[in-house]
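Input: one structure, supplied below.
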Amino acid sequence: MLATTTATAIAIRDLTVAYHDRAVLWDVDLDIPAGVLMAIVGPNGAGKTTLIKAILGLVPVVAGEVRIEGRPLAEVRRRVAYVPQRGSVDWDFPTSVLDVVMMGRYGALGWIRRPGRRERDAALAALEQVGMRDFAGRQISQLSGGQQQRVFLARALVQDAAIYLMDEPFQGVDATTERTIVGLLRELRSAGKTVVVVHHDLQTVPEYFDWVTLLNVRMIASGPVDAVFTPELLRRTYGGHIAFLGQDDGGLAAVAGGGA
Amino acid sequence: MSAPQFEIQLIAVVVAAACALPGTFLVLRRMALMSDAISHAILIGIVLAFFITEDLASPLLIVGATLTGVVTVSLVELLHRTGRVREDAAIGLVFPLLFSVAVILIARYADNVHLDTDAVLLGELAFAPFDRVILAGWDLGPRALFIMGAILALNAAVIGLLYKELKLVTFDAGLAAALGFTPAAVHYLLMALVSITAVGAFDAVGSILVVALMIAPPATAYLLTDRLPLMLGLGVLVGAAAAIGGYWLAHWLDASIAGSMATVAGLLFGAACLLAPGRGLIAVARRRAAQRWEFAQTMLAIHLFHHRDAPDAAEESRVAHLETQLRWERRFAEQVVRRAERRGLIRRDGQTLTLTDRGAQLAQEALGG
Amino acid sequence: MALPELFHDLLFDYTLRTVALGAAILGCVSGTLGSYAVLRRQSLLGDAISHAALPGIALAFLLTGSKAPLVLVLGAAAAGWLGTLLVMGVVRTTRVKFDSALGIILSVFFGVGLVLLTFIQKRPDATQAGLDRFLFGQAATLLAHDVVTMAALGGLALLTMLLFWKELKLLSFDPEFGSTLGFPIRALDVLLTTLLVVAIVVGLQTVGVVLMSALVVAPAAAARQWTNRLGVMVALAGSFGALAGVSGAVLSSSAARLPTGPLIVLCASALVLLSLCLAPNRGIVWNALRQRRNRRRLQVDGEAIP
């Protein structure tokens, strides 16, 4: 056993995930310290989403294990919240914004029990936080992409978890939503939460995050952005398909090419 | 084997072959259930044409029914295009409605002629040899054989002539449109073929078993090959086998021929699911078992490679460690280690494992690819 | 038939009352549970289940020699359930897609059912009479104890649905998220499929295997047009289904040689058409009017600024 102190939110050991006989993740070792705001970065097909799903127990694991706060997921499920990709559900489903957000409380409610006033209040408060309070009664098909994303964030907020896992929350959202999400991520971090985000846009990594994991089927590197988000390591992550646009205010601006 | 027995089987084989050809494209285009919709909906075309001609043998019945088939397809599309109903629901709304109207019309007005719903739904191949084409006193053979033979020839001719277009539209409709072929036209042509085949076939096997013969043999072929021409050929062969096998099963049980044909088609599909070389469940299970060792050895190599220079190398490289960290069973871990040792990927020194150069190369290749 | 006379018959004519009640129950149960099938893009699963039920009915009779409704319904349910399981299994383990798998299971099970039916028919004791009513359904053969069986099974299915309302909603909207909350999604999926199987076999005797799927799809498709709330949609679909059932039964009693099953389907289809055109917000008619008004307004505005 490796030491997993309380300071480690998620500890991943020798994690291998394969679909049929093709490995998607090879022997990944990763410690995510509690309280970081971390981006997972890597080219398409690098296994970023799979990594998050493996942490959540959504995909079968060939080998290795994931521990959350030192314990198996089943024991601490309520401490983990998940924001899936926006496109993973049918937005024409007949339900309201408030109803979707309340789904975040279903786990705490357990079997059979229905959400009541307390869940409703929590959901409204979460909607307020993402600036969607006025939309509570809306049918979800009437939302823009950015608004859909904020509804999903609110649903994760009402889970009142310690660890938040988000799959591409910035994908195809408007500027307002992007600002809201960034503000929210920072709020979560100052509240001591751990936030892990699958992220596509390399340029915003140093601005939005303090921790980064570079992934390409195997772990390339993980650590503070200053130490890990370097041209050398990025080149190793993306192979040749990357162009550097130069440095500005100490940060690194990079554009991933080749379909990344 | 008596002459009628031979003729029944011949008709069954021709029906199966005629169904398998357009069925192949339905399966590939994920429109299998259009055959279900069309084969039910054409009843109303037959009924209406019958009311006009009052002759069950009139060729107008085939024309009317084929038209209804195409109308069904466009109704489904129309409903889907309103944006208020999904395609699967649209299919499920249109054909029961048309079928219901036809059943009501038959019950109300056609009860005294022998156009009954049972026959339409179930078909009765056993009677086919009694309805013969007699020209100037010469008995040329069963009428069903001529009709289905003509439909088979039509299907083969259209698919032969427009093979390239059908293939392109099936695999890349966007490209087909860009190259100037109209996918919609090809689509409707295929649906017309499905309709006319269903009309001809359902006299013999009934509307629901048309679905069996259109979908099951091509799906069986789909499990056996990746090449379209081969899939077409195999689909015809499997259909023919289901036809002949079904005939003798029915003979043995003294039961419905059409039902038996569908049963055999289902059995052949089930057999292909299990036994297909390369893709069958058994082949996959065996390959997985073999790959499991291969995979585990690669995993072991990568694991050792990752921890080679790390400070915890000594700890990570112990056999017992594989149990706790990789979550391998002790016996499985021992097996993998032994196999990897035999292949020269690792060296074992008591409880400690070290990666050989060959093992390191394997790990790097796996990670690079 | 005059309206007062009709109500009188509906209340006091034993046959019509039984048939109408049976049709109302089947319409309500299949409409309610069909909502989930339609929302989960499994509209045609109902078609596969109902066709797959046929060999179950024949086999149940062959094994027990009984024609008691409960025995036949159990046989139908077992076969329908097996058919669904096979569809899922084929899709999961082979390259054959959902639509082909449905088509194969539907037609092959039906074929096996035909073989069994004709086999039973030709046995010396020839007692199959009454089994072929499952093909097209014969509402007129419904007896009071059939209706009691239907009501008990359907009621049980609806109660189960209400009990697991929150879980089934989660399963239908976002199963992956539900799984991260710790709900056993696979088990819930099996539960919902079982409920759909019950809904379908409850109606087979009245409507028959060929048309039963329409009563799974049509009430739900109609109800979807009127509301954006799952609860309202499910309740409306149940009501539409019951309405279609009763009106179909009444219409078919109004003249000779009007089969009940197809008439129920006709009524349900009429409700769909009505809903598609006239439902507020989503209705095609309102939409067209709105567009026309907007266009006119644009034209007026356009003329102001040449």
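Note that the chains are named A, B and C in the order they appear, and that numbering of residues resets to 1 at the start of each chain.
Following the convention adopted for this analysis, a contact is a pair of C-beta atoms (placed from the backbone, for glycine too) under 8 Å apart; a residue touches a chain by one contact, two chains touch by 3 or more.
Note that this is a predicted model, so its numbers are computed, not measured.
**Q** Among the chains, which is located farthest from chain C on the basis of C-alpha centroids?
**A** A
**Q** Please find the two chains that have the most C-beta pairs touching each other.
**A** Looking at every pair of chains, the most contacts join B-C.
**Q** If you average the CA atoms of chain A and of chain B, how far apart do the two points sit, in angstrom?
**A** Chain centroid spacing, chain A to chain B, equals 40 Å.
**Q** Could you put a whole-Å number on the gap between the CA centroids of chain B and chain C?
**A** Chain B and chain C have C-alpha centres separated by 26 Å.
**Q** Out of chain C, which residues touch more than one other chain, so two or more?
**A** Touching at least two other chains: 224.
**Q** For the complex, give me every residue of chain A touching chain C.
**A** So the residues of chain A touching chain C come out as 56-58, 74, 77, 80, 82, 84, 88-90, 93-96, 99-100, 103, 106-107, 109, 111-115, 139, 141, 155.
**Q** Under the stated contact criterion, what part of chain C meets chain A in this complex?
**A** Touching chain A: residues 39, 163-167, 169-170, 172-174, 176-183, 224, 227-230, 232-233 of chain C.
**Q** Using the touch definition from the top, list the residues of chain B that touch chain C in their complex.
**A** 27, 30-33, 35-36, 40, 82, 84-86, 88-89, 91-93, 96-97, 99-101, 103-104, 107-108, 111, 117-118, 121-122, 208-209, 211-212, 214-216, 219, 222-223, 249-250, 253-256, 258-263, 265-266, 269, 273, 279, 281, 284
**Q** Note which residues of chain C are touching chain B in the complex, please.
**A** Per the touch definition, chain C meets chain B at residues 38, 41-44, 46-47, 51, 90, 93-104, 106-119, 122, 132, 135-136, 210-211, 213-214, 216-218, 220-221, 224-225, 257-259, 261-263, 265-266, 269, 272, 276, 282, 284.
**Q** Can you list the residues on chain A that touch chain B in the complex?
**A** Touching chain B from chain A are residues 1-2, 13-14, 16, 18, 20-21, 23, 26-27, 29, 61-65, 217-218.
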